[in-house]
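Multiple structures are listed underneath, in structure tokens.
In the two complexes that follow, subunit A is the common piece, with subunit B as its partner first and subunit C second.
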Partner chain A sequence: MVDVSKLRETAREIISREDVRELIGYRAGTYGFRARPAFVYDPGEVDQLIFNPACVNNLATYITLEEKLPVPRGQEPDLRKVAVMVKGCDSRALVQQMAENAYERDRILVIGIPCTGVVDMDKVQARFPDVLGPGEISLEGDKFVLIFDGRREEIPKEELLADKCKRCRFPTPLVYDVLLDEEVAPFATDDYSDVEALESRSQDEKWAYWEEKFSRCIRCYSCRNVCPMCYCNDCILDRLRPQWIRRSVDISENTAFHIARAYHLAGRCIQCGECQRVCPVEIPLMELNRKLYKDVEELYDFEPGVKVDAPPLLSSYRPDDPEDFIL
Partner chain B sequence: MAAKKLSKEKVGEVLQELSKFRLITPVKSDDVVLFREIADPKEAFLEYGNSTVPPKKVVFPQTETLFRFTIGNPELREKNVEEEGTTVIFGLRPCDARAMSIVDKLFSWDYEDPYYLKRRELTTLVGMTCVQPPSINCFCTSLQGSPFGKDGLDVLLVDMGDHFLFQPLTEKGARMEETLASYLEDASPGDVERASSMEEEAKGKIVRSIDPQGIAEKLPSLWEDPLWKRVSDACLGCGICTFLCPTCHCFDMQDEVERGEGRRARMWDSCMFCEYTLHASGHNPRPTRKERTRNRISHKYSYYPKRFDVIACVGCGRCISLCPVNIDILEILEQVVEA
Partner chain C sequence: MNGKPKIGVYVCHCGTNIAGTVNVEEVRDFAASLPDVVVARNYSYMCSDPGQALITEDIKNYGLNRVVVASCSPRMHEPTFRKTLESGGLNPFYLEMANIREQCSWVHEDPIAATEKAKRLLEAAVVKARNLEALEQKEVDVEPSCLIIGGGIAGIQAALDIADAGFKVYLVEKSPTIGGHMAQLDKTFPTLDCSACILTPKMVDVANHPNIELMTYSQVEEITGYIGNFNVKVRKKARFVDMDKCTGCGDCAEACRLAGRIPNEFDEGIGMRGAIYLPFPQAVPAKYTIDKENCLFLAKGKCGETPKCQEVCQAGAINFEQQDEIVEFKVGTIIVATGYDVFDARKKPEYGYGIYDNVLTALEFERLVNASGPTGGKIVMLERGKKKKKKEEEAEAPKVPKSITFIQCVGSRDKSVGNEYCSRVCCMYTAKLAHLVKDKIPDCEVTIFYMDVRAFGKGFEEFYDRVRREGVRYIRGNPSEIFRRGDKLVVKAEDTLTATPLEHETDMVVLSVGLVPRSDNREIIDILKLSQSSDLFYLEAHPKLRPVDTASDGIFLAGVCQGPKDIPDAVAQAKGAASAAMIPMAKGKVKVEAQTSVVNEETCRGCGFCVELCPFTAIELVEVNRQGWPVKVARVNEALCKGCGACVAACLSGSIQQRSFKDNQLLPQIKVLGVK
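Let's turn to the complex of A and B:
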């Protein structure tokens, strides 16, 4: 577990630096057990920072989500660094962003958090729907400990752990400037049995399955906006001419949207699972992402978000690249 | 109109009777509760808290055709909403019905929107009380609503445990009572009294609140306040808070043409999207998420009450519960009050 006073002290030193503009971390949420992103601009604000298993958000998204307005005449752009707290999974987004040249390494200052797993907040909410909070979650051994309203509940880790953590191979950040705790050894493996189960279904079964899911989609684009790899300045979804995907919400356009979203992440998705976490109508987007992840690994022996200097899959070519799936 | 009693055992038969109309109820799609047209009463899922997507989509569909056309032919073939037929939404919550009565004011204001209003005319709303607040983030009681609220409803079903107290509230509600007469019994005199004490009890279970007094007047004075940057720092710019809001009603219109055949469709729009109010010149008066968040709050709590005398928020709590980054409208309003 990350020591919170050490976290705040480190944050205080970093935000006090002249070459750092802001620090993105976590703070307590407004109800229940929730935690949420925190934006710190001033050393006086660091005492709100926390880290616990409720800190689910992948903050790497904010590096590429920044809105860059034109700089007024006579002013210089603010090129100071952005400091960001990342767990192991989140750090892979930074790695992949930098591998794609989204920005230079020296633009960011990475505060690494070796992570022992985060909760699935829906599961917490379902168990304790009436807790106004603030409630606190911590991990003690193989149990999550929840403290709220003067009560203390211990729940076996497996019961509240987020699915992505059950197959996490990178609990310690792969890129960092400061590491807040001892490295955490990988505690899980990934056998892709979920993807294999999906693959084994017939075409008709798969279509019926996805038709029900896609028919629920309201096209709020939260899956795109939360994705640290969805950072195109000009996304095809917002384009009117040509309008690749219509704004109308029906099964045809929804399917086109979801296929486009998944394919644009092939060889790029780093499996942080944020898209599926935020989907208000619970579309299991990670099943699509993981199918493509597995295909890319099998076909090209490539894993995104692991090495900053690895050329991105879609912009590299080897003469012996397999091509027998091309129609 | 006198209240009647509807035994819960008869709800299946009632739904069967109502399926002669276009019948819309909460249904479960995997674990998500949504409103959908049902063909079989068994599809109805009435033991629910509240739906993820509000039933506003029945009267204000996310996408609807306004008219069809053929390139080269000046004739426009208008959509006839009447063809959708008499519709019953069964089992919606009081906050969502109240939201429709709020949105009605906009769609019947300077221009009477024929599509929306025709659909409203065709639709009967049979609501169900909330004995337990569906969410920790419910705050309807702060905004003139109630878990037993009647605004916008044609019939209110008060959940009395083993039966409902059937309260017709409008002419449409009286017609509904006639339609269902053979399933209704006389209510016992004690029920009506018990219902009002149950309402007080249900109100007492709502834990979050805001005093909206003075917010409409104060908001414009905070236009340049640093609070907007602070509350929107974490915003992702997605459409969850607006699309799942029962009172948000912004729409866009686009022509969709394929091989010479086209339609003009309108679809929900969201003030949180980057291309909302983007001008053809490339200028956007709301260039960042700060201005967009300010617009969302100001529209609900200032512009709308100033024009229509009612806040365009019913306190359903969906925007709070489903925000991926825990942006909380109650916290924003508290900051507005304190600023």
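Let's turn to the complex of A and C:
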């Protein structure tokens, strides 16, 4: 577990630096056990920073999400570094973003958090539905300890752990400038049994399954907005001329949207699971992402966001690339 | 957009090619009913003069500003009709074609369904035509110089032709001398003129030509740019001999401590050389080269007290400090003439090549019969890998084979080694070598195992006939195995004409190996982004009508790098490539593709996927100022862009559009063609 006082001390040093503009970390949420992103500009603000198993957000998103307002005439753009706290899984987003030239390595300062797993807030919610006052979650050995309303509950790790953590192969960040704790050895593997289960269904079953899921979609685009890999200045989904996807919420347009979203992430999704986490209507988006992830790995022996200097899948080509899926 | 679209539609009968299946009148009437269509006609041959006149007349009379022709593939007549529009005073890119021949009448039998399909295809063209934009076809200047890669006979011929026409030529050759495979051959079929006698004068011409800059022992490292303006980077490898000082006297080669101990590549390893060497006496340039892998001084750091070559060289030409040199220059056109490798006979282990001393490849045998070869042209039994005997023992004269057997189609027409094609030269060179054997050892028994004899060229059949009359025995059958029995080799085969299995005893076996793409083909592919055909030779732009062009403008092919061919064919193609390369150089200007990609720099996020994908290196990332922020965006070099659209498909933000294939032009088409 990351020591909070060390975390704040490190953050204080970093935000005090001349060449750092902003630090993105976590702070306690407004109710219950939740944590939320914190944006720190001043050394005086660091004492709000925390890290615990409730810190689920992938903060890499905020680096590319930040709007670049026009620089007033006569002024220079603020090109100082952005410091960002990342867990192992989140760090892969940084690797992939840099592989895609989203920014240069020296534009960011990475505070790495070796991570032992985060909770699935839905599982916590189901267990303790009405916790509105402040609550705390920590991991002690193989148990999550929850403290709230003067109670202390110990729950086996397995029961609250997020699904993505159960197959996490990269608990320690792959890229960092400072590491807040000892490296964590990988404690899980990924056998894709969930994807295989999906693949084994018939075409009709799959269509019925996804038709039901997609028909729920309200096209809030939360999944797109939270995704660290979706950072086009001007998304084709928003364009009117030409209009690739109409705005009406119906099964045809919803399906078109979800296919476009999934395919735009082929060879790019780093499996942080944020899209599925934020979906208000519980569409299992990671099932689509993971199917494509598995295909890309099997066909091209490629994993996005793993090797810092690997070229992105879409722009690398070998003459012996398989092509038997082309009709 | 010049006002409201006024579209003219022209439905071609193509004789009965289209009209035999598609009801062209019905298609015309349907076209006339479509919005914005002002006039619709059908005609027997739209591409004919009267057909084209219909279009130009209508442009004048109806004020047409878009034209749709429903006929054959745009590959066939798009250029024709673009010219028609131009002569009618309309921008040629206001043309849209509907392919109702290759994609409709030729592939369908049911006239009713075919007519319905033709209507759909036509409607799709009409809705696209509405949004077509006028494009400008730009011109760029052409540098009056040519890079030729490869100094074999094809490269030499192309270089001489272009240089004679007055253009500058840079001839880059990887090995220390030009001449290529032709220099290794003894006689040439079917006329039996001496290969060296007809080649070496040309080699000398290359060396002396004022317009040719010859770079041997050099390799092309990088080429950027486009037709008219290629930037070339060549690495001149260090030969450790000062080219200006070396007189070619050869004292160094004799003095070299390794003289006669390193297999000479030029002699296919049958003859030996030293670490400092001239591949063969007539090499051009006649300058020595030190092979740094073998040279004791360069590889081990020590060669006696002082290196012998340095000691004896009176010109002081040896320079162990020499470094590779990078030369950069600009050319307008490029000819690739990189040649071939011969098939590696080890891939047919049943023939025992590499195991039995006297199983040779035809190219090795070529050196054996060659008067300037290691045996002075004497055909003798080989004792490979044996250390040179001391002088006194050497008195024993090498044995002369009493029977020689050739096996044709080794590595050609053979799916088991992945080469389905015929190498086109083996039948005839085998006949030639058989003739040479009969000439040199009249009582030698010569047998040729063949599948078919392909004697298709001028004088070939006559030559084949002559060789058979000389007593060469042709047996139709593909041997299954070669093994040793006593001091004889046994060829096991079936005579398929008499269905008799046989075991044929012989002294020496010559494998008529086929021609294969060079093992280092990829280097040039990576540099020039050439395509390969299924046989892995370089791909020409069109198998019939553009046999020397590549998909990239300004880059041409000559010789066997494009596919197996004999010397006259290689020379003919080289002359063709030379004249093709001279067209843009003589004109001084070239038109470049107008249907290029264009980047929306406002939305481009600079990921660079397109940069890596572009097969023509036409896109680069540049830094621009976006509302005060420095950002990288993609930028297309329109002179380089060929309009393939790969970048458009890869762009996640939809920031690249291809002119004439923009989203607002294609989406209406998809809507028309989609399920209704």
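Criterion: the second predicted complex is superposed on the first by the 327 of 327 C-alpha atoms of A that agree within 3 Å, B and C clash if a C-alpha of one lies under 4 Å from a C-alpha of the other, contacts with A are read in each partner's own complex, and residues count from 1 in each chain.
As a working rule, a residue touches a chain if its C-beta (ideal position, glycine included) is under 8 Å from a C-beta of that chain, and two chains touch if they have at least 3 such contacts.
Since this is a predicted model, take the numbers as computed values, not measurements.
*Asks:* Given the superposition on subunit A, are subunit B and subunit C in a clash or a fit?
*Replies:* They fit: once the shared chain is superposed, the two partners occupy separate space.
*Asks:* Which of the two partners, first being subunit B and second being subunit C, lies in contact with A:1: first, second, both, or neither?
*Replies:* neither
*Asks:* Go through the superposed model and pick first if A:315 touches only subunit B, second if only subunit C, both, or neither.
*Replies:* It touches subunit C, and subunit B stays clear.
*Asks:* One more residue to check, A:242. First (subunit B), second (subunit C), both or neither?
*Replies:* It touches subunit C, and subunit B stays clear.
*Asks:* Just subunit B (first), just subunit C (second), both, or neither: which does A:231 touch?
*Replies:* The answer is second: A:231 touches subunit C but not subunit B.
*Asks:* Consider the C-alpha centres of subunit B and subunit C from the C-alpha centre of subunit A, and write down the angle between them to the nearest 10 degrees.
*Replies:* Reported to the nearest 10, the angle reads 120 degrees.
*Asks:* With both complexes overlaid on chain A, does A:264 touch subunit B (first), subunit C (second), both or neither?
*Replies:* In the superposition, A:264 touches subunit C alone.
*Asks:* May I ask you to name which of subunit B and subunit C touches more residues of subunit A?
*Replies:* B
*Asks:* According to the stated criteria, A:251 is in contact with first (subunit B), second (subunit C), both, or neither; which is it?
*Replies:* A:251: touches no partner chain.
*Asks:* In the superposition on the shared chain, how near does any CA atom of subunit B get to one of subunit C? Answer in angstrom.
*Replies:* It is 6 Å, taken between the nearest C-alpha atoms.
*Asks:* Taking the stated contact definition, name every residue in subunit A that is touched by subunit B in one complex and by subunit C in the other, in rising order.
*Replies:* Subunit A residues touching both partners: 69.
*Asks:* Can you list the subunit C residues touching subunit A in their complex?
*Replies:* Those residues of subunit C that touch subunit A are 602-603, 605-613, 621, 626-630, 632, 650, 652-655, 663-664, 667.
*Asks:* Name, in rising order, each residue of subunit A that touches subunit C in their complex.
*Replies:* 68-72, 75, 77, 79, 100-102, 231-236, 239, 241-242, 244, 264, 311-312, 314-317
*Asks:* Which bits of subunit A are touching subunit B when the two form their complex?
*Replies:* 29-32, 34-39, 57, 61-62, 65, 67, 69, 129-132, 212-213, 215-216, 218-222, 224-226, 238, 240, 243, 246-250, 274, 277-278, 280-282
*Asks:* Where on subunit B does subunit A make contact in their complex?
*Replies:* My answer: residues 29-32, 34, 52-53, 62-63, 135-137, 207-208, 230, 233-234, 236-240, 243-244, 252, 254, 256, 265, 267-268, 270, 273-275, 287-289, 320, 322, 324-326, 328, 330-331.
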